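Residue numbering begins at 1 within each chain, and the chains themselves are lettered A, B, C, D, E and F in the order written.
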């Protein structure tokens, strides 16, 4: 059965398809009868849903994160689309494909991966190149690394978000390595490729995005250091000094202790990686927020941004007529 | 008379030349007689000096910042060169050239200025181009801007330091404007050129580097905003919205209130300018410190860096034999 | 048509008058029909309103900040007055006077202005007196300055709030100038008069109170410095040192960098102005909060004050019988 | 024997008088012989002293804080006066008067005390007046209160400093009570009189100024609250609510927890007292620093002020010719 | 009449009993009629209640904290029990016992008190033992101390909470006094017994738990110091040094100024008491939160803990089969 | 040749023995001749030394950390012992034993180790016991662990300091595990044993104590996690959940991000370990400081303690005569 996408639901039409249950609540009407209030989702968005009848049979069994087969009618409530559900049941594992339900980065992973591979191939330092190849030629690692989100929520909570973020930071580091010749290019780029690799063990993305126990207890910085250390142990004669500098970049990439780095940057590469990652994250967060939270009443301005604690201005000044300078 | 440079003073030789008095102290010997303890300087460095005889006639008249004609003999004291002065007098204004006494950036100002001019010429936005041209075609401004230091002390306390710093930040912003297409290139580059322009009124460099009263009371951020506002007022029809965004970049380039910016960045250009300026400053400070403060007992490490509150590691790992990857 | 004031609406009566729409929402009933939920306001307060019929024709056109002609009936909902609207339309510009809709300071502006004028006239320093007169004899400036609010929200969000706040701070500074003879009285009072003048460009008050773009991007401290600098430039021979000290007071009146001042007070007048402004603001905020937020369950105490992060006690201890001291 | 004052010591003259030993060090000459290096002081200042001969007999017995009878000759060392001591011995208690050795406030204590008495007499609230009278009619309290310093070091480390500081804060609070009619005048003034009374138990001033054990362990805020509570207990029927508000002012007068107040101000009187005390202290510290630490190289500016973390500007702009305004 | 406990209310049954009114709201139905919305409570929990009829007669008289005699029927609303009230009136003082309505610590106060008495009896230092006995043999004090809660809300807001908390901290301090022989055991234990004694004047618990005026204005740290000082004054010859050290422990037990201590710990006993109190509080808060706020969706984890700003993990790893070590 | 200890050097005697050079400076006399200024040390203390003759031959070769064979005469300079060196040369490796030159903990390592072994043997959890045994039965690990210092400087900069600190924290955790039954005893004790194990790779102690490169770049928290992870990998079937909780305790034992922990405690064991380590460190630092820095002028008080930012009081109140309680 073809998946009907949330973004394609049209008011007034009937629908039968699979959706992810992001919220599940059994509630009471004034009359005392139970009804089911749901938020259904797939990779294209979310829609509210209610089920008025037959709730007793199904309600208690449902949990957030379940994928459901739903039959119902698309209506409206308070100006928003709302699905009135007639019947539903849990889907079986073989009926659905995970990719239909989680949002995915719009960028082509093979292109991004190709860029990282080219960066790795261009490295002169043999041990750094080797540890990176040991990962990027490992199918299991690649499958995980190219699918992982970069965050539980906020901007990069999309499949492929980690790859997208990594490629963006690596690209910026390439520019910086060109601008500051004192930088050890191979060290900087290796660290950029690996800086967030611990996220593949920090975040789970089987149905929704959430932290793993290891993520909560150890965090992606330590998980990344452990993962890289493990790989390095499999490479004979990997120089200790090289390992320490590489791990130092991973540990210190948040820049300050209070931001979760157990060490602050002490090498030029660690310093630059921290700035590159921070700047790239800030630019992308700015653009994403401007796109998703414009202030409807005030052109050019966003709504209040809590994480930056300010309003943002994204308006462009109309290009003036070239006359004045003539 | 040719200037004898501090760096060329040789132990055991006599010298007669002009030097800047950076410190002047009249002190007493156990016997009760006065002597003069000086630090003499020029653009190449500093040397300690003492004058044992004839102090009464000259000592009380001298002040720090005076340029002196000195006749004496180069000796050693506690392992350092020391000049024993036989005679000295204040120089007259026509005997000396300021440039001999203050250090100068090793980079060619005309090359740096050429780069800024090219950036200005490449702007599409006519009003931004025009306000920049009004400054960069003004000989008085140019003379000041190309000579000004970028700081009272620390790294850029050299003639031409402001130009060097500005060109470095502008160059980095050009790269970033290429990497992030959402940036308004002209706004970012105009702001980068002007971000520290208030320093020409904040710092004085007639004989040594020091803050002006205006610098201490108003600071270069406000002085820069006032200077740019002044120029803009002379350009008819300069759009208010453009002016506000440009001044916002200048005001917010320190990034946070507690670092002296009265506003935090709210536009993408202001955000990126702040990062570019901060990163460029940190990289140059790192390299300068590594060059000037290596730990003599520990190869690859610097002495303790107070402003960063840590030791820095600048050593390179020896490139390994390429074998392991083969 | 005479304006019917919000404070005079009586339950059970019909009303036809003009009101400012502070909130506008089109909502759905269970039955699917739209209704309009409004908050109507004028200078005397706010009242909730609903319009059940005929919404389609008007709802989509309304925006917050519109002034509406409304015909309806005053009722009650959940213990509060509520206007049930039968008909409404937007007012035309010539039907209404702005002053009816925005709250105004209860103090007489001409009295307050008279006090400031007397302070200005009493100044000995000719240049400070002259720059102040150039503003306070300028009708356009006066019209704006006497109408401007002192804040977007909180206490002084009333027409005339800036004048009221300025006069209060100036009055306190007069006392302090008398108490501390070391103070430069003219400098302190000039700075007190001008310290918040940038607010006339920071806040807009055409229909509601909000920050202007210039206010958000530059802030009233910098806007004030620019405004004063502009005036000073029109006065020949205004001494630079005097200008720098005056602007310094404006820049530093928030006291600390993290409170938005790009410089902290370095002169005695700047220091005292900062304290006077802070104290006066705190006293007025305390009194206003005690008046508007008493804890109904606990005599003498206010509700929790978020900005001060504490409960306030405004109760008076009953004067004891004078006996014990006799 | 008349006391010879430190400020009156003349180079080249012999002296025999009593001085307080502020520093005592037994040191060795290159030759191995011991000599005594001293700092001698009285209420007018300090002078360095050395004793070359006969040290063995006296050196080990001396301690800082001893008052010594000294016979010697005034000379110079490194541009400063220095006393070369021929003989010395410890003074006996009956030979000296403490007031000769500790600096004293230049203001007349009876005048200051008169002002406080007038404030107390002017109070309407009988219990507050009574608790203050119980202290200010108690000779033992008065003797201590009028002699106590206001600080161990810094500005008010002079006999009578507490009275001077208290009178200054009370005077300012009188002004403020007049300016803000909402203030409970009696409460504010009673709290102002008592706010630092705990200092009489916090600081010892028998020979030098130092904290007592109680001062270090409990601090003047708690000691003051205990002292006032004690007095209140001796007044029958003192209302609890009055006592709590009075003690609250004492506890909260430092304004914030991190400045040592266990409670932040919650009443208007506590708030105003905190500001008055802070402002008065800052103004006096500014003036004192400007007087004692001018920058000799930069007219109008002080040396760097560590506690405020900035340079201060105390220069006056020359009054301009009144012409421009004519 | 026997009290019917909230925890024993059964859906569908009628009930007539006394309950504490924790919330009282008079609300309107769409139809305009008033109804009463209540939260009723006793020591075993809370239950929502509504009264549809006859509200006019009773509603305006009720206040939060009243104890009511209620007759009604237990039903359900939104999955929770709800009492529909037919009649209610205020209880008279002689109808109810306070203990029925406030939660009480499950631990036996006589056992806890016995432990404290044993600690006091075991003290060698006669004055410390004596001041403690003067309190713990005072029936009025004991009645209050054994009933007082330890906090207004959070964990220990139960009758007897102060005794429970004190006994727990004292027990931990006994262990620590054994582990660190340098500790003055008697001082540590006396301070532990008394550290929070000021809470008997800081919190009121007549019907609900709330701060007293003295609590808000002075706080339990100062109130405790005043209370202990008072007792000490009644003991002849109590050594000052002993008193200062004991009061110091009470004042400094929050550890840092910003946590409300006017002095930070300067003695070993004060330091250890602070840690013991902090650790014991954190452990009990952890356990209480794990018990009351498990995350229903994630075994072993709690919901988000705001005061600690993190999720907590309380799961136990299943004990592995002992084989691997064999 | 028997080692002559620094503590046994007697003024006036000749000495020939080995010493560690902690400081080496070549300085000039007024006359221009070089001399050598040294600080010599062994495990019992330090002594200043000078060498006036024959410096040219040896001075340039010496480095801090060298062990020297010295022949000279013990004299005095400025009241301190000073060694005047006649001849010196570097020692060869076989002439000296490292233990003579570095201070050592006075506690018997075999006793401390025995306690840790008993704790390990008493564990019920087989995997935790096994990973600990794998370390504590590894001779290489034991040799390092029992010799390592616990800090580069401050208190535990002694050989065996890590073992001493670990045993003290483990002992305290045993007590706490008894007091709080909810604690997982085995987890807490395993974490206590391992919490600082990374210090064996963070600090070097071949001749003096200093951080390794790995220590500076990665820190003992990450090094400890890597070391423990390595061991765990060698144990088949070690449960992931157990590993994560154990590593979490190591990572979070500094308690807060800003103190270098990349995660804050989320389990009860991690929380308690953090407190136990912090308290034990503070108590030992207090006692050590009181012993080494008493204020000679003020009995019972220490000198100013910079790391705690206060004076400490270690005096005991004289036990009063038991009479008052009788």
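Heads up, the rule we're going with is that a residue touches a chain if its C-beta (ideal position, glycine included) is under 8 Å from a C-beta of that chain, and two chains touch if they have at least 3 such contacts.
For clarity, every value in this text was computed on a predicted model and none was experimentally measured.
Both chain E and chain F derive from one sequence, and where they touch, over half of the residue numbers involved are common to the two copies. Per-chain CA centroids place chain C at a distance of 62 Å from chain F.
Taking each chain's centre as the average of its CA atoms, chain A and chain F sit 45 Å apart. In chain D, the residues touching two or more other chains are 213, 216-217, 241, 245, 266-267, 311, 313. All chain pairs in contact, by the document's touch criterion: A-B, A-C, A-E, A-F, B-C, B-D, B-F, C-D, C-E, D-E, D-F, E-F.
Per the touch definition, chain C reaches chain B in the complex via residues 213-214, 216-219, 221-222, 225-226, 229, 240-241, 244-245, 247-248, 251, 257-263, 266-267. Looking at the complex, you find that chain E touches chain F at residues 124-127, 129-130, 133, 171-172, 175-176, 178-180, 182, 184, 187, 235-237, 239, 241-242, 245, 264, 266-268, 271-272, 275, 278-279, 282-283, 286-287, 308, 310-326.
Contacts from chain B toward chain D in the complex involve residues 26-28, 32, 63-64, 213, 216-217. Residues 76-79, 297, 300-301, 311, 313 of chain B touch chain F in their complex.
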